[in-house]
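Chain naming follows the written order as A, B, C and D, and within any one chain the residues start at number 1.
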Amino acid sequence: MSSAPVCLDDFEKLARLSLPASVFGYYFSGADAESTLQRNKDAYDSLLIRPRILVDVEKVTTETTILGHKINSPVCVAPTAFHGMANDEAEKATARACASLKTCYTMATYSNTSMEDTYAAAKQKSRKQDPLHWFQLYVEQDREATKQLVQRCERAGYKALVITVDRPRLGRRLADLRHAFKLPKHLSLANFIADETRSGAGAYAGGAIDASLNWKDIEWFKSITKLPIVIKGIFRGEDAKLAVKHGVDGIIVSNHGGRQLDGCPATLEVLPEIVDAVKGSKVEVYVDGGIRKGTDVFKALALGARAVFLGRPIVYGLAYQGEEGVRSVLSLINYEFRLAMALAGCTSTDKITPDYIIPAEEISLAR
Amino acid sequence: MSSAPVCLDDFEKLARLSLPASVFGYYFSGADAESTLQRNKDAYDSLLIRPRILVDVEKVTTETTILGHKINSPVCVAPTAFHGMANDEAEKATARACASLKTCYTMATYSNTSMEDTYAAAKQKSRKQDPLHWFQLYVEQDREATKQLVQRCERAGYKALVITVDRPRLGRRLADLRHAFKLPKHLSLANFIADETRSGAGAYAGGAIDASLNWKDIEWFKSITKLPIVIKGIFRGEDAKLAVKHGVDGIIVSNHGGRQLDGCPATLEVLPEIVDAVKGSKVEVYVDGGIRKGTDVFKALALGARAVFLGRPIVYGLAYQGEEGVRSVLSLINYEFRLAMALAGCTSTDKITPDYIIPAEEISLAR
Amino acid sequence: MSSAPVCLDDFEKLARLSLPASVFGYYFSGADAESTLQRNKDAYDSLLIRPRILVDVEKVTTETTILGHKINSPVCVAPTAFHGMANDEAEKATARACASLKTCYTMATYSNTSMEDTYAAAKQKSRKQDPLHWFQLYVEQDREATKQLVQRCERAGYKALVITVDRPRLGRRLADLRHAFKLPKHLSLANFIADETRSGAGAYAGGAIDASLNWKDIEWFKSITKLPIVIKGIFRGEDAKLAVKHGVDGIIVSNHGGRQLDGCPATLEVLPEIVDAVKGSKVEVYVDGGIRKGTDVFKALALGARAVFLGRPIVYGLAYQGEEGVRSVLSLINYEFRLAMALAGCTSTDKITPDYIIPAEEISLAR
Amino acid sequence: MSSAPVCLDDFEKLARLSLPASVFGYYFSGADAESTLQRNKDAYDSLLIRPRILVDVEKVTTETTILGHKINSPVCVAPTAFHGMANDEAEKATARACASLKTCYTMATYSNTSMEDTYAAAKQKSRKQDPLHWFQLYVEQDREATKQLVQRCERAGYKALVITVDRPRLGRRLADLRHAFKLPKHLSLANFIADETRSGAGAYAGGAIDASLNWKDIEWFKSITKLPIVIKGIFRGEDAKLAVKHGVDGIIVSNHGGRQLDGCPATLEVLPEIVDAVKGSKVEVYVDGGIRKGTDVFKALALGARAVFLGRPIVYGLAYQGEEGVRSVLSLINYEFRLAMALAGCTSTDKITPDYIIPAEEISLAR
């Protein structure tokens, strides 16, 4: 029996075996009882696919666009901190894999290689084209510092600003508390290296992140940058409507992979409410959290997501085989997704409509 | 304590013990997370039977007909590939068991004995009568080859063409990927023996199967054969209506035993929708997937199926004791089914109506 | 830690330890997958009690009547075969325990002490009063034999005839099949001792039981006896209405403890339908199956049962400590029931109304 | 990996390791099958939080009042008997921890230090202020004794009388029965020490508690004391309305932590019914049972509770590290609660409305 990974969950198992417990714990864990972490995944299993048959599926394409940029597959990479703990090439390896597969890479504020270096590495990989990079931003109390970060993003070629709004305070991840987790000393917050006090684990406590962040700040961002703004962490229709009103360009429906407030609904469960709230606007809706299979991607798109973002599986792939491992993860789920389309009778992503899915509760005979 | 099998699940346990892991894995596994595989079975447990009492059940008969042919019991044999891995007599053993019990045997395209040999073996067994054989067809890109296969079916005495429509691409069965499963070298795809390149594991990758298959092809089939056409793999009312419109004779509600698209509803869950869609037509509806008990047969018939088809239990019986083992499996479930009828107060299959069943969710007090 | 039983489930554990596996298997098992066996118990856990407070519960009485006879508690004893395998005093021990606690004992047709001896033993125990005995009847093909049995019942002092209608054929209990269970040679079917061919395990196969039994036979019974008639095994409102129409006196809602048709609803789940169907008549409704706690008794009464019957716990008590063990079982559940009444704010059984209960599904927030 | 507790469940694990089995059994166990014990906790997991984002949560306060007294957090301490088995300082340690954190301590009738000593210890701790102490009362058959107890409460500085109404008889806690649990000889019921016959385990059997307690007695209490009266153990809207009618000041929705009648709904499940029933009155509603996390507090408040009370976690903290351990428990859940508020977008307790929560069943896709 071969031990090569044949599904995304296999990468998690391999990472658990190879990484130090405290590092795996950091990557894996959710907040408190990890019920939202689990719920994110379970929600996908509760939605069923109703395939059409005798459709010509000789040619199936997964291509789509986000904010006007073409990507080969609607499976993108979510911002996750500290890739340096998984592989020495850190974010550069991840970004290269994305570039070679022509999908969107979102860099985290708390990265171990700088936005400039990472972009350069990716660009070298995808010789002819600009790689599609977005930048995830934690807004700091020191707005001047934040402003400088945004301006560097623009200069560096990043195509959108992803503002994370579900982390005014750090969630309690019990594994990290038990391990007294800290960023290993040899790694730095590379996007801040100019500032000595920021290097190493210092900033992780996150005191710097501004708990007073509110809609007025979004207006301020619009005044200081031309980059499209994506809000990450919206969870209710009311807030999605406010996002439209404040002129944002995209929304990532996210609960931070269950790492912040434990006990909220799964992202898939609130996706329809958000999609509904932005109807009529140009705001694009994406979703992350718990996506592990090609059929999960299919279901998210059927409920109205334009694309999905992967968090943990990417770092597991990175821990497994660096750039090549990230590529394996993305290629595998892309393959599964294309297969799901064929077996469901859909030849392109725009054909994946709500008609193809049904909540288990509507069809189940059980209790 | 005797180890003789007393329920169909026992045959699975025995097969797991006796077969090589890769072969058992091939027979047993479903696609991806195997959630549909499990759901197929669970659905039966979610439907409850409401027996009538003080009905004279001295005489109970399980006889019925499918497409006009009399069978002793509505429990038939679904097409499953590669019986040669379970027993040296391969499909011949299976067909003989069916013949002796007077039920319908469906030969798979990918069989290890040819349709002609298998039919002859079965005919010899059931001395006086023609055995009831159907032929399951995978439609190839090379339509001429397919046409020849159909014509051989007619000549060989097969009574219906079962066209499988849920396999435009091969589902991902993780066990097969882990074992790098291949058809053992000493076995061939016996229905293609004229063609050297087809022998052995070559064709299994299934590249030959035509992903462009669509309703127009069904019309073509009707133009090249007089055999009744049964579509296997229909899953939605809309498609059932199209089937009626295109003049098919029967529908097998099937998700390929959970081996193709993981995450669809159980077949039992969609059965009512299909039965409803064909109402008023002459199309007969059958169901397969997860049937393991006499009460499962009862429930399927109560929801409107004319007959049911067994997949895995048959190969497990075959692995256990060849022809005799298949007969044991069929006899046991037939006995259980007849007993269920008696205990529910039904003396013949046409009396098994929806009135005898209730979804657990309608009666349960729980959550 | 003491090992003395403190709840009815403890008696099951003790019986499992002390009895031969085949005997425990016979007592314990249900039909097929034992899903109904489990469901009978689970149903009680799905119904919740809503206590009233600040009710004076200084005095609580559990007394009631069935068919006009006073009993100290609505917890009675269901007919179960072969008490001789659990204790040498067999049915005599069970009946003595019931007599001393002043509750109803139902003798099974297939008992190891005769109805006459058992009654005599019980009468001796309860010096001043006639014990309350009912007789459970399996109707045989030989109606003359059945008639003689009924007449012996009348003469012997039995107060009602409980006709079991859910056993036209014997259910498949897998444990019995695996153990090739037979009544041990030293025991006989004591109610048939005149007939040599009946002794020992002979009759257990049950060929003698008449599968043609129907409502006409109920009329015949009414013509040959003055004893009240209780139908055991009714499961649907339609049949309860027929029972009323045919002039029966009582109904035991039962699925034979899950030993006949596996996959029917729990008895508690169908109880309301039966209670509703007989409304306006004088027919009393009882229930058995899965009752293991004082709160279960409370719930059954709240749903309209006049009394409940215990099957397995009685034989477990018998296996544990003979007559004393049966008394322990009954005393314990009576104590629990009285406590439940006090804690719920009910001082007598007629005050236990539907208002005190609520299905979990109506109040639960979960899924 | 550090073994310091990072969530309230950790304190339970630590207590299980350090306490004698019979003592841990006494603290931990619920009545009978402990289904209500479990249900109390599960109910919280079935209610989901829907966070708002981009709310300025720089400043979050958990302060509130109960019956007019200011507390630093709505997490109070429920009455639990026999703290002396967990720590030599017994109730004094618990009360000191409450005083230092400025929350309400409810003393149990069955305490191992007297109400006077305990109050004095707490007062010394919170130098400048009176500690907020309530007294839980079991009403005895001997009303004169009860009256004296009430008068001592008033004199001693207790601010409310909590009358427990769900214990007319002692619930069956199987662990206690198996361990033949008794209060260790060296401990006494310190609130009764004047009376020799009460010392030690004597009174625990609880014969003294009056099963005839009813609403008339509540009127009597109002005639003998000026202390506000809180009824503990109300479970239905009807009774809550009676409470309003009889002029009580507060209600603790409680099922005694699942220790009395097993099989009732979770307290969280009935909370809305009670809140609804008292609407328009000045009666404050609190809830206890199964609260283990900051998000549980949030959910209870969102459903209308003014404050929550902790039972078991407090004794576990006490067993772990005495006064310091109780403080750790309270500080931790307070921290979690404040964090939950920030992450949900609420800056003060009055902003925690039903709008922030949703039952899982309303949003789930599963079954």
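Please note the rule applied: contacts are C-beta pairs under 8 Å (C-beta built on N, C-alpha and C of every residue); 3 or more make two chains touch, one makes a residue touch a chain.
This is a predicted model, so every value here is computed, not measured.
A.B. asks: Any idea if subunit A and subunit D meet via the same residues, over half in common, or different ones?
C.D. replies: Mostly different residues.
A.B. asks: Considering subunit C as a copy of subunit D, what rotation angle in degrees (nearest 5) results from a C-alpha superposition of the former onto the latter?
C.D. replies: 90
A.B. asks: At what distance in angstrom does the C-alpha mean of subunit C lie from that of subunit B?
C.D. replies: Averaging C-alpha atoms per chain gives centres 42 Å apart.
A.B. asks: Need the CA-centroid distance for the pair subunit B / subunit D, whole Å please.
C.D. replies: Using C-alpha averages as centres, the distance is 60 Å.
A.B. asks: Identify all positions of subunit B at which a residue touches two or more other chains, and write them in rising order.
C.D. replies: Correct list: 45, 47, 360-361, 364, 366-367.
A.B. asks: Could you pull out which subunit A residues touch subunit B in their complex?
C.D. replies: Spelled out, the residues of subunit A in touch with subunit B are 1-2, 6-7, 45, 47-58, 293, 295, 299, 336, 339-340, 342-344, 358, 360, 363-367.
A.B. asks: Show me the residue ranges of subunit A that touch subunit D in the complex, using the header's touch definition.
C.D. replies: That would be residues 21, 32-33, 35, 42-43, 45-47, 165-166, 168-169, 171-172, 174, 177-180, 210-215, 217-218, 231, 233-236, 238-239, 242, 260-265, 268-270, 359-361, 364, 366-367 of subunit A.
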